[in-house]
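As written, the chain order gives the labels A, B, C and D, with residue 1 at the start of each chain.
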Amino acid sequence: MQQVPLLSLITFLPIIGMILILFLPKNNEKVIKSLTLAVTGIQVLLGIVIWRFYDYSLGGIYNQASFQFVEKFRWIEISSVSWLGTIKIDYFLGIDGISAPLILLTAVITFIATLASWNIKTSIKGYFALFLLLDTGMMGVFVALDFFLFYIFWEIMLLPMYFLIGIWGGPRKEYAAIKFFIYTLLGSVFILLAMIGLYLSATETLADGSKVFTFNMLQLMNAENYTADGILSPLNPSNLRLWAFLALFVGFAIKIPMFPFHTWLPDAHVEAPTAISVILAGVLLKMGTYGILRINYPMFPEITNQLVWWIALFGMINIIYGALCALAQKDFKKLIAYSSVSHMGFVMLGMASLNTAGVSGAVLQMFNHGTITAMLFIIVGIIYDRAHTRGLDDFGGLANQMPVYTGFVTIAFFAAIGLPGLSGFISETFVFLGAFHVESIRLITVISTLGILLGAGYMLWTLQRIFLGQLNPKWSALEDLTAREYAMLIPLTIIVIALGVYPSLMLDLMNSSVNTMVNFLLKSPETFSGLPF
Amino acid sequence: MMTIGLQHFLIVSGLLFSLGIFGIMTRKNAVMVLMGIELILNSANINFIAFAKYGNFGYHGQMIALFVIILAAAEAAIALAIVLNIYKNFSTVNVDEVNKLKE
Amino acid sequence: MNIYDLIFYLFAAITVFSAFAVVSSKNIIYSAYSLMLTFFGVAGLYVLLGADFLAIVQLIVYVGGILILILFGVMLTNKVNGMPIHTEVTNLIPASITIGLFAGIILAFFVNTNWKSTQTEFPNTTIVALGKLLMNEYILIFELLGVLLLIALIGAASIARKK
Amino acid sequence: MSENQIILFSLFSLFAPLLGFVVTVILGKRFKFMYLFEVAVITLVLLASISVLFVKLGYLPDTKIVSEFAWISLGNLPILGDFNLSLGIMIDNLTVIMLFVVSLISTLVHYYSIAYMKGDPRFNRYFAYLGIFTFSMMGIVLTHNILMMYIFWELVGLSSYLLIGFWYEKKSASDASKKAFIVNRIGDVGMFAGIMMIFVTYHTFTFDTIFENISSGVLPFNSDFWLTITGLLLFCGAIGKSAQFPLHVWLPDAMEGPTPVSALIHAATMVAAGVYLVARIFVLLTGDALFIIAVVGALSALIPATIALTQNDIKKVLAYSTISQLGYMILALGVGSFAYGFFHLITHAFFKAGLFLGSGSVIHSMHHEQDIQKMGALRKKMPITYITFVIFSIAIAGVPLTSGFLSKDGILAGTYAFGLLTGQWIFAIVGFLVAMMTAFYMFRLVILTFHGEARDHHKFEHAHESPLLMTVPLMILATLSVFIFYTANPVDAEGGWFLSKWVKTPTTVVPESARYSFMVSDANIEEIAHSEKIVHSVSYSEALHHAHMPAVFLSLFLAGLGILTAFLFYQWKKLNADKLASSLKPLYNFSYNKWYIDEFYDATFLAFTMALSRFLAWFDQTIVDGIVNGTATITRFFSRFTGGFDTYVVDGLVNLFAYVSGMFGLILRKLQLGKVQAYVVLVIFSLVILVFLFTNLQIG
């Protein structure tokens, strides 16, 4: 199995699909859509293959040998560039227990989003080409182990998103798209700065014994690789590692989105078409937390250990603030967007715990939030397609008109509230158990539990306003779900229930990696230590 | 008179080159200019092959000549296409009348 | 004077005189046919230099391909209605002077340089050796040229089609 | 029947209702008769739990059967240590009794509902919901760990939400269901915090392991105080679920659900889950925690009882009575009277379910009229309902020969004994007061509903006895409200099989410093375990003994007084209720308006949350986003400035440069001919010149 470059395949398959689409005639809508569906479908199959062949015992994180499906070869090599010496950049892919669930998530969500894109009406060719490009960018971010490559994928993903919101979006699409773009680009700039700083501070020893600067993430996690005078080197007494950490953190926090960098999210969500909202909430938000786990944590373990309180605090603010904002919304989609803010807070809280329960909970919460929010946005999309309004007070009594739809909504809402038996509960519980275990953030954790209360508040209120009560006669013509909508909702429902009942499906996948990470964070501060803070 | 050697071929090639340049300089018709270019290319080829034989370069000279022929073919095709296009636009192929380059 | 020399002079004469005819004839059709003679002559010289394959290529590509193209070009760009097609001449005097000087200079170079001449004897046919070279050392160039020809083909077609 | 079979039967009782739910909810739309599947399943579950009950109590009364399987096993983790969560069931006497009670009442409600819910458009859906409720309730009963209990805890919350809001077309119903879920969630958040405390300290959720750890001296944060807090946090769950003060407000509203549901969920089983939880964790509750629990129980017994005095909605009266009785149970547990608390839970489950089903029968025949002011004289029309209703009422009022007398008397004796032992008489006073009020409002209800003259003649004319499907469950429950099922002695339950053999107060594991001294067993534990006493401590046992007789007479007197007063007021009209109400207007209003607790919550917590949320949404839109947009505006302004600079200064320079170049170009252009040939000539000529100039040409 190791001979097949599965990761490259799953990453670049959409690009191939995109090229094929570009060659298709413009008006051949059916073929374009089916091609996209086929490509994303194959991605799901590849994801399952990867899952099937994934070795649960390997940890990953900082050790290349325990990464899986590794593909590594020299990609760019420019010798003797003035004072920089040899520039050497690897094409380095690999997954561990942190990224594997997210790859599965991306594959599934993209597939579902393709189905959700079925009712795109204008310039279909461009839409699906960009959609597939976005797909590659997202996959790439999760599989790249070279910082440079990671950054490239990060940026690849940005551009199609801009156009997808800006062209196919709602009434204020330009505003939302430009806001999204500038915000994320700002984050990217921070990441780029820190990346270059890291590059110039650490070297990698090649096979012939020579040392070159490196973008290799795993090498950057090794304190021994840092040069004595590098600007971000722990050996340099006047280093800027705290600032680099913060730069990276802000860069990723914008994506999460963390308070106070979250305001692009409601706008982007409200204006984006359904499928793009699904992807945005289902996958893109995870990149922020993934980036922190993959880059901030292991590359700056000593600073991570110092700053967990702040991460937890911001997690708490996200939870409470997002929930309270959601409570006040009158637009269904905006409400879901704010609930995303709230739920991503749980991820941050879990990450801040720095123990297995919390970090597992965080990664699981990323996965679960991905599936649940995807469901929620699909639900919003379905009602918007039919009624052309999203105002919470415009509806009422839909439960009788659309009983099956209401059934799915109930499942999704209760999953979002964290009802046991559905996946959201497990991850939230793990997050809380992990976070409560840490003395310094115990109080924050207790306050954060209010989030589950507020969550129940806004979700049930929404349920009541839209579905319960007397049917507004205006909506007596609304149809229940179509086959396509079943096809979107049923797989997600199955995932949500399966993970709620038997979470080991995912937990086993990530467990050894999370343990490796936790051990690494426990031990490496010593090697990174002795630094003026 | 000495035996036929490198110099003889070089002289032929030099004459051919001069004639080619002369053609380019003097003729107004674009097709004629093209023919001049072909002459120049041929003269260069003679040089390559002559040096291949007398200059101890083995087959590499012939190889280059072969590539030149291929390029010449490509160039001729493009050039004639351009000439046709010019003709369509200006109704003439006289290069001095096509002096849009000046503006 | 052996037969080899004789043949050389014959081909050299054909080449040079027909080339002169190409540039001096006023009728473009004559020029074209003279060009064909030039190509023949050059091909003969190739044979004398032991490049049999190139001689064949010269004939096939130049005579069979390029010349026909040029003739097409002539036909398409001149209103052929039985009248001989004359072309105008410019810059005759300055060109003659310049070319005279130029030819003098390069011929002087050629004659006066003390060429280190070592004669290589090629086998009867060079096709095998050239073929091997093409498929080994020159494979990249070979393929690039293939692409180039394709591009030229498409480009020529698209330029010529353009309105 | 071996232990394995008991486990198997219990698991069947657990999962069969889930199967019933799934099948009924999926196929219910297609097939009209799908509810029969659910009914059949629940009947089988009843049979299974009966056999479990008999085998366990008959043959294995002292064993505890545990069966578990690994659910999440993460192995040995850094920092956290072993992290293996298992799902499992634990079967002891409490479990099988609860199992039987839940499945029996659930089955009766199923059959009852076939008649009661006839013609409802979502008939099958209703039975499906009953199925998922039974599943979750079984889960709570059977589980062996606190996390799983929390899981099922939430699931009963869900089924309660679904069933309260079953008639969601009514705004009041959907409001009530939402309120129920959210208020329960408040308690659950506390319970979850308790679970986190447990996890942090013990790294396990299994009850037995936790108790072992405590008894070996491992305490949360190494202090008695935090053990108290842990217990109280867990108790928060019970406050929510058992509708204890101050989170009791959801239960009266929950009466918006169908009446059989109120009987099953909001009277007999789910609300009792809180009591069951306290019983489960009873051994880890410290003295302080028990005291606070007792206070909560006392308040919950008293306040709703005062409210029930004046309510006119038949179901509301019963709802407040439920809260009050649950308060009794909690109070009993709080004063250490574990066995009687649990006993009351069982007896109350039967007679309260019966009361609700009886009221359902009345409501059914009165065409969904719930106001007792509009009823009256129904005993002639509905004799079976009337007789059973009276039996239930005397049971709840505590009249001898009923089960209710036994358990309630036990609780009162417990509070009395508590007073004897600690000098805290307040619980006893509250207990006896509530007993009197209970007797009064129950008989007020009976008299206004069934006696006297019909006040709404139109509805009365149409009233009729309910069908057998509804009356048979009533009769079964009425039978079970008789003392004989629990003990042979009609005045004292101690010594009866229920208390002496099946339900005993477990030995507390709380360290000595933090527990009530009287709960320490001061005799040989082995000896006590096999004695017929229900508590382990001799002093406590003696106190109970002393308390018994006074309690019996006092409670009999007070119950009789309550009943008599009710008759005086409403039957014989010797006293005028309206006159009394108007003379005590403020008190009456206070009671009638439920102490204004709902209004208080609306005005404070809810209003505060909503205001905060609106403020934050505004803050988000205006301030946070405003900063972003402001930055954008400033940037744009700045960019306009730099743009101007660019246009006029930078670009000006460039243009100047271009202009100068252009001038040169114009001059130089004169030299250009635009003719290729001319260029060639020039090039070659220049070349020749260059050659002459720069080469050392030696011709010849």
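By our rule, a contact is a pair of C-beta atoms (placed from the backbone, for glycine too) under 8 Å apart; a residue touches a chain by one contact, two chains touch by 3 or more.
Worth saying up front: this structure is predicted, and the values here are computed from it rather than measured.
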{"item": "Between C-D and A-D, the pair joined by more C-beta contacts", "value": "A-D"}
{"item": "Most distant chain from chain B, judged by the mean position of its C-alpha atoms", "value": "D"}
{"item": "Most central chain, Cα average position", "value": "A"}
{"item": "Separation of mean Cα positions, chain D and chain A [Å, integer]", "value": "35"}
{"item": "Where chain A and chain B are represented by their mean Cα positions, the distance between them in whole Å", "value": "63"}
{"item": "Between chain C and chain D, centroid-to-centroid distance (C-alpha), Å", "value": "99"}
{"item": "Inter-centroid spacing, chain C versus chain B (mean Cα positions, whole Å)", "value": "7"}
{"item": "Residue numbers of chain A (touch at least two other chains)", "value": "none"}
{"item": "Where chain D touches two or more other chains at once, by residue number", "value": "675, 677-678, 681, 684"}
{"item": "For chain C, residues that touch 2 or more chains besides their own", "value": "90-91, 94-95, 98-99, 102"}
{"item": "Chains grouped in pairs wherever the two touch, ordered by label", "value": "A-D, B-C, B-D, C-D"}
{"item": "Residues on chain C engaged by chain B in the complex (per definition of touch)", "value": "1-2, 4-5, 8, 12, 15-16, 19-20, 22-23, 28, 31-32, 35, 38-39, 42, 45-46, 48-51, 53-54, 57-58, 61-62, 65-66, 69-70, 72-74, 76-78, 87-92, 94-96, 98-99, 102-103, 106-107, 110-111, 115-120, 122, 126, 129-130, 133-134, 138, 141, 145, 148-149, 152-153, 155-157, 159-160, 162-163"}
{"item": "For the chain D and chain B complex, residues of the former touching the latter", "value": "669, 672-678, 680-681, 684"}
{"item": "Complex contact set, residues of chain C against chain D", "value": "90-91, 94-95, 98-99, 101-102, 105, 108, 112"}
{"item": "In the complex, chain B residues that touch chain C", "value": "1, 3-12, 14-23, 25-32, 34-36, 38-39, 42, 45-46, 49-50, 52-56, 58-60, 62-63, 65-67, 69-78, 80-85, 87-88, 93-94, 96"}
{"item": "In the complex with chain A, residue positions of chain D that touch it", "value": "25, 29, 71-75, 77-80, 83, 147, 150-152, 154-155, 158, 161, 165, 168-171, 173-175, 178, 181-182, 185-186, 189, 192-193, 196-197, 199-200, 609-610, 612-614, 616-618, 620, 624-625, 627-628, 632"}
